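Naming follows writing order (A, B, C and D), and every chain is counted from residue 1.
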Amino acid sequence: MLRIDIEQLAEAAVVRVAGDADMASSTQLRDAVLGLLENCSQGRVVVSMSETSYIDSSAVASLVEGLQLATRRRVRFGLAGLREGPLQVLRSTRLIDVFEMHDSEEDALKA
Amino acid sequence: MLRIDIEQLAEAAVVRVAGDADMASSTQLRDAVLGLLENCSQGRVVVSMSETSYIDSSAVASLVEGLQLATRRRVRFGLAGLREGPLQVLRSTRLIDVFEMHDSEEDALKA
Amino acid sequence: MFGEVAVRIVSDPKWLRLVRGVVEQSCLGFGAREEAATAVVLAVNEAVSNVIRHGYDGDTTRPIRIACRRDGEMIEVCICDHGIEAEFLSRELLPPDELRAGGRGLYMIRTLMDEIEYRREDGQNRMYLRKRLLQHVAES
Amino acid sequence: MFGEVAVRIVSDPKWLRLVRGVVEQSCLGFGAREEAATAVVLAVNEAVSNVIRHGYDGDTTRPIRIACRRDGEMIEVCICDHGIEAEFLSRELLPPDELRAGGRGLYMIRTLMDEIEYRREDGQNRMYLRKRLLQHVAES
């Protein structure tokens, strides 16, 4: 139900997350994001979520862990292209201002 | 759940059916198709179904009634743009060869 | 091992869409392929519509329970209701291509499913629809 | 008049998607607007995930029943399970913006729903989540 695809560009790594990230699948998200960050120092990571239809609190937790590890490793960490549902989850957990947010993957890479 | 939109062109009337046509909604389809045909003589009617996600046997019955009334009124009657689900229903009721079928609304209007 | 998924509704046609969603997700969860899942969804939709229309004569307030489970290499869906007895399994099938309106629901169910069983017990109707997960290719 | 929609699953996370679909369709069928339906879906998803994770300690074979109904101007969802007693309603809420992983499910539920009730009866847990259909605009 969750497809994760990582693309390493010259200046940034993009993690594209498609489908539903819930309790059945969010460890996949966690593994991908933390695994990637463990092999990064500096640079940046963009989690591209325009194809992410659902996230629950465990997926939010994975993103928070990603942000923390990124900060420790001096990697810039941002979210891009969130749909209304995932936005509502970030709003209801009051994390919307904690993450660097971009309307789209393109915007994120330009910023 | 079902949206029906009728467009009267110079040579044909197009009935666009969007959504699920099941027991809860197929009378809407029946009313639209039969109502239209009752005011037609000659010419043609194309039922455009590229946005129709589901049809059940009651929707099939409405289309069969449409075909019969069309034949009596010498109106050419065709279906266009069916998705896999509705096609499977016509196949399983062995009606697939009974209807004039077109891949798309455009094809139907050209044919 | 696979468990069971059951949904209970009242006999209002507005819930058919929900039932289709549950049956589709269940079939996929039980390991069915898209095509088999679609067939089961179509058949269950017809069976439940029949219960509403005939079994309950259009009353939209009566209970219907739809339970899906995996039984070996089969998906089994049981549709349970308290409507009138349905001795319709003994009826003849619609001859193909006949141009009458209506009367195609049972034909669809039989075409789409591998096994159909009907039981009347304690004033309840139970219709079991079964579909093989793997379509055995006919030997030639 | 509106009836009830209930779904029963075993406690495997793979059925969460199906539960979300049922709850969404039910809310819409009961007359909720898209936004309210989404909120109920998010809250129920968290509550059911908690039952699987904590109530049943990850056992994927235990029963969970989710029943949705309309009660006046409210949508009510009851989540019923046989897991350990959940005295968690007395816990304090997560302080907003705190950067810890986990511990956000209950916070989401409370933010998204208008009323929450928990009862332990006969070895069963029943959690009632209620959402008003019409959001009353605060008078200014």
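What we mean here is this: a contact is a pair of C-beta atoms (placed from the backbone, for glycine too) under 8 Å apart; a residue touches a chain by one contact, two chains touch by 3 or more.
All of these numbers come straight from a predicted model, not from anything done at the bench.
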Path length in the contact graph (subunit B to subunit C, fewest steps): 1
Far-end chain from subunit C, centres as C-alpha averages: A
Chain centre separation in whole Å, for subunit B relative to subunit A (CA means): 45
Inter-chain centre distance, subunit B versus subunit D - centres from mean C-alpha coordinates, in Å: 42
For subunit A paired with subunit D, centre-to-centre distance based on mean C-alpha positions, whole Å: 26
Whole-Å separation of chain centres (CA-atom averages), subunit C against subunit D: 29
Set of subunit C residues in contact with two or more other chains: 14, 17
Each pair of chains that touches, named by its two labels: A-D, B-C, C-D
Residues of subunit D defined as touching subunit C within the complex: 1, 3-10, 12, 14-15, 17-18, 21-22, 25-26, 29, 60-61
Residues of subunit D that touch subunit A when the two form their complex: 13-14, 16-17, 20, 38-39, 42, 45-46, 49, 52-53, 96-97, 99-102, 104-105, 107-108, 111-112
For the subunit A and subunit D complex, residues of the former touching the latter: 1, 20, 22-24, 54, 56-58, 60-62, 64-65, 67-68, 84-85, 88-89, 92-95, 97-98
